[in-house]
Amino acid sequence: MSGHYGQFDIRWGMVIDLDKCTGCGACMVACQAENNVAIQTDASNKRLVTNWMLVFELSNGKSFPDHEVAYLPRPCMHCGNPSCVAVCPATVTTKDEEGGIVSQIYPRCFGCRYCMASCPYHARYFNWYDPVWPEGMEKTLSPDVSVRPRGVVEKCHFCHHRWMQAKDKARVAGEDPKALPQEAYQTACTQACPNGAITFGDLNNPEHTVHELAHSEYAFRLLERLGTEPQVYYMSRREWVRRAGDNYLADEKTGSVKNEHHS
Amino acid sequence: MSTIPSKPFDQALFPDGGPRCGLLKFVLWLGFLGLIFAWGGYAMGRIFFYGIGETALDNYFGFGLWITFDLAVIALGAGAFFTGLLRYILNIDPLKNIINLTVIVGFICYSGAMLVLGLDVGQPLRSWFGFWHANVHSMLVEVMFCITCYLMVLAIEFIPLVLENRQLDKIRLIHRISHNFHVFMPLFAGIGAFLSTFHQGSLGGMYGVLFGRPFAFREGFFIWPWTFFLFVLSAVGSGPVFTVLICGIIEKVSGRKLVDFKIKALMGKIAGTMLTIYIVFKIIDTWAWANGYLPSVGLTFDQMYNDVYGTWLLWAEIGVCGVLPAIMLMTPSLRNNPTLLYTAAILDCTGVTINRFVFTVQALAIPVMPFDQWYSYTPNWAEWAPTFLVLAYGALVISLSYRYLPVFPQEKKLNA
Amino acid sequence: MGIDRRSFISFLAGGAVGTLVTPIPWKLTDDISIWTQNWSWIPKNPEGASEYVPTVSKLCPSGCPVRVRTVGGKPVGVRGNAEHPYSRGGVTPLAAAEAELLYSPARVRRPLRRTPDQAYVAISWDEALAILEEKLGAIKGYRGKLAMVSGDPDGTINEVFSAFLAKAGSADFYLMPGEAQVAAKAWNDVMGGQGAVGYDIGNSDMVLAVGADVLESWGQVVRNRKAFADKRPHGEKPKAKYVYAGPVQNNTAAGADAWVPINPGTEAAFLLGLTYQVLKEGFRVDAAPDFDEFKTFVMSNFAPQNVQRVTGVAATTLVAVAKDLLRASAPLIVTGSEFGQGGGGAAMVAGLALNLMLGGLNRKGGLQALPDMPQVVSGAKDAKGLRSADLVAYLADVDKGRTPLPEAMLFYEANAAYGLPEASKAAATLAKVPFKASFSVFFDETAAMSDLVLPVPLGMERWDDICTPYGSGEVNYQLARQVIEPVFEAVNAGDVFLALAAKLGMSLGYSSFRQVLEAKASAIGADLDALQEGKPFTAPAKVTQYALRMNPGVLAKAIKDADKGGDIALAPVFYLRTGTGSTAVPPFNLKTIRDTELLGKESFVQLNAATAGKLGLREGDRVSLSNEAGTCAARVHINEGVMTDAVAALLGFGHTAFDAYSQGKGDNVAKVMKTRFEPGTGIPVWAGAKVKIAKI
């Protein structure tokens, strides 16, 4: 199905260095503030909590004292072959814009949740209720991202509005909006991370750091074998962490079977 | 609703076939259904007013009881199109004695499913966006178009039956209209068969294309994953006997013979044939999935099941509720025994329901990311109430139809 | 009237087409699509020009540099400040949530007075000041009648408070407990060091964090983490080694190259075990006349097998860590408590001594002795005096009757009723104080027991500053800039105290707190304009040491400190994402709390399977943690990243005040932080408290 989505000159992507992430949660908070994600009074039923960016806790599965821990921030993977785009009945979520960001058009979504069923990363969230802010708090909403009502699905969009702003800025400055320098467009989570664990840029552009990092021997993508071709890469020098990124049969070597299956 | 000697007040509206129960008794029955309507209506009210958060659905289980219910009733409602196909296109004449009931059951199933879908989507006022902004690649669009169109077809098939009410039929214009409907019935049956086959398939396709969900994903033929065909086959392998079950229930409740057992056995044979074909392919499909597809993405069969969603579901679906009823329905001596026919029918319908359940719920319960975890889903009252409302709605439509419409051509003869 | 086939079809088709050519369906669908995008109850985005105002977070204890984004002059978010040399755009999860807290339901919106029936009524600032004037006027000049607690660890505002108290005749001005006090006692009192303790993490190539959660909550944490990030190029061998020693595999352990699990409260033994290895290599501290005595003490008591028995660290591990330290060109040992408070003096002394031995004093990437900044409010306690005043010791004395109960107590952003060790007991002691006034942004537990609650502006609503926060490797000063006028009737407490002082006839020499800040900038020679643009002022000055002591006599006594109250050692964990005692959990941050940390109204404690097995506990069991100090309820989560015989427990739960986002969620682990006084140093210690765990 990858043929549907064409080739893009620009492919916005991330490389998240799991050896640098210490799981503080700054990316999660920065994302919520940037994107007006609704707050919830009880956020402990994780299946009802909206987190465009979610930090998973990974364990090497060993007992004390051999236990190791790693943290895995999970935005939308902006798959090269997204499972969600094809299934959406109302063309709400598309991958048709230069940059390869998988869009989500809230005013068009009627909330069938088929996309959520399709996404193995649980990157998509449904508004089970209307968002409610305590009196006055709505005044601190960001101007860039519209507030979603109940009944629609939402997800990470790589701070798409920042890209729009960066392109506008480049145009005004007489620069090529299709050749943005890396720092011109960065997501909120990338900037917030005090450990520099997240790197964001154009995977196709050799001048952007992600281009090189994505080719690292330690780079991997989540569930690559399903054929989703994410534009989000991870990297770790720890083998058990890389192995946690995909499903492997007991006798298979980590990273040995990349994208074997194409749907 | 046994017959009582005194003539009910509304007896002028009864079909020319037999007596019906007293009006008071009927009104009491409607009152009972009304209670369920009130309960379901309350839940629906809350859901429309506050949001779907009132249910037990969540971001892991975006699909749950309602989608399972929809898929199950749509499969079981397949008796309508398949019997229509056999009756009008292939001219299997004896089926005319049960065709009306299949249409009513089909109509209930599809309209009920639509009702639940209206509740299930987050912004029901926008649900027509699926037509307006249709994404041709989406199996769900195919489903939406086919279901909507097919519901219209079912309505068209149902209308002449309504118009044949003894009093309505006396009006010349209405008589003419219903006559014209009848003339076009093979055409509608044909359209219905086409539409229904497609969306039964598309419902299967909906799951089969989910390449992010290894439990549901299937390779296939051209754009159609194998589940497309399996869902069609399982629907036609169960829909006809579901109609037989409904017929049996009406007979039991009314105490009157309505359809000749031979017709029911014929329906059983038809379903059994399709079920047999289905179950053979289903077993092949499951085998290929477990031994071919799953290992290719680094997964094992065991990883697809846990303590809650155990392999017992698979054995129940394919064995007890698949192979067993197939054998029972294909063996004339068993099929011709009413108790065994009904037993086989129940197993068959249960099997297809389990199938729709596992594809809807279990597929979502399985952790796909290795560091994710299993979750379970239990529907809450706010999901059950509207579901029962739809069942009550079905009971209402059947009750009214039975009472006032000439549904069963054989009724007079069989009870003479 | 006849109907033929043709007219029948015409009827159907005509009806359908006829409806479609009317505007009805089209208008209706168009309306619906517009309508469903504009529900009146869904807030609209603000409009206006965006500005990014640089400042530092006074909300986050790390003093994170930030830029507040305003739209039409109103804050809509907090981002990191990419131009700031410390944070380079990074931001803590707490600082990032400040904008939404402007309108937190927990904010104190106007001055409140508690009525005899325990209700709070709104009063004017004039009335509030009149009450304060009356209460404080009556006790002015009497020693021991007035005490104050400040929750600001490093602001010049403490000078205003302490000068005010001094003029009112009170010496009882205290800071909420933190790492700085322990370090000061160890360095200044026990070791005879001069200046304040600092750590140059950025230039170290081997950071051994003992207890100190340097990558999560310790010191100027974003700065630490940027230093960590710099030394770890993607996919390459790290350029600096990070080792974390502590009972819990916390976030620092997650980022470190190695986690060395040690029993809670045994940091000193671990460090002296390392010292043993270093001493074997002939390292010494010439500036300390009692070094040989110290050496004998270590060599005779901290052989690896002894250390292993106490700390649980295998001899091989100990030797390996020591080798790493010896191999490094700029090794640095950062000692602290895992949760930023209550650590022991012995561990601190041992850590400082090891740094000295490795030649780390005032060396790049080593331990720094930093000069204190000049005071600008006359009569204020000096920095050293501030650090050495101990609130926990004071309250213990009050409790035991050794010190008279004050008649009035003032709190500034200090949630003493929630955040002090033995929280229930501390709250009970505070409850006895006849008059309490809390200057607070939020209606916290301390406000909820105060007679007067006075709203303080949120960080971004006020002018404030940060003077060399604990943990930084050099003298630095930053200005917190007011971004907007307070959205409620909050007034800078500095201004309130200056006004109150004037009313009480004891002028502090300034008419506004802004002037105090300007005086401070001027006193240290900082450029006010640069400060207002969010640039930090730094000074390279270091304090040279003359007469250091290793003080093995004190160490020998202090090392014996251990709580014997139970079988399981409590290992509290402090994440910035769950807020502090005075912020509670901001709404955004609730989502960062895992369901193995908080589920519904219940918080979790974490044990490894071996410990749980011993106690007969399983995942999800409800338990109580108890000791003489109190009881804390929790559920069990099995985590193999916790030392055997230790129980990890998150700080930040169990609030009874604040708002729906924090109130009633979980239990407060501070209730079982049993305090003991370390022999030799006399420092109150509550790290390594023991608890009994029972299933309930």
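Should a chain be cited, it is by its letter among A, B and C, assigned in written order, with residues numbered from 1 in that chain.
FYI, contacts are C-beta pairs under 8 Å (C-beta built on N, C-alpha and C of every residue); 3 or more make two chains touch, one makes a residue touch a chain.
Computed from a prediction, not measured in an experiment: that's the story for all the values here.
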- Item | Selected interface, A-B versus A-C, where C-beta contact pairs are more numerous | A-C
- Note on the structure: One chain's C-alpha mean falls closest to the whole-protein C-alpha mean, and that chain is A
- Measuring from the mean C-alpha position of chain B to the mean C-alpha position of chain C, what distance in angstrom results? 60
- Please compute the C-alpha centroid of chain A, do the same for chain C, then give the distance between them in whole Å. 31
- Query: If you average the Cα atoms of chain A and of chain B to get two centres, how far apart are those centres in Å?
  - Reply: 39
- Query: Multi-chain contacts in chain B: which residues touch at least two other chains?
  - Reply: 123, 126, 129, 132
- Please set out, as single numbers or ranges, the residues of chain A touching at least two other chains. 45, 49-50, 57, 59, 130, 149
- Task: Two or more other chains in contact with one residue: find those residues in chain C.
- Result: 33, 36
- Note on the structure: Interface with chain C, chain B side, in the complex: residues 123, 125-126, 128-129, 132, 172-173, 176-177, 180, 183
- Complex contact set, residues of chain A against chain C: 15, 17, 19-26, 28-30, 32-34, 36, 39-46, 49-51, 55, 57, 59, 62-65, 67-71, 107, 130-131, 133-149, 188, 191-197, 199, 213, 216-219, 235, 237
- Note on the structure: So, in the complex, the side of chain A touching chain B is made of residues 1, 4, 45, 47-50, 56-59, 72, 83, 85-92, 108-114, 116-122, 124-130, 149-153, 222-223, 225-228, 243-249, 252, 257, 260-261, 263
- Would you mind writing out the residues of chain C in touch with chain B in their complex? 1-3, 5, 8, 29, 32-33, 35-36
- Touching residues on chain C, where the partner in the complex is chain A: 33, 36-37, 39, 41-48, 50, 69, 71, 74-80, 82, 87, 89-93, 96-97, 99-100, 102-105, 215-216, 221-222, 225-226, 228-229, 232, 234-235, 249, 251-255, 261, 487, 575-577, 586-595, 598-600, 608-610, 640-644, 659-661
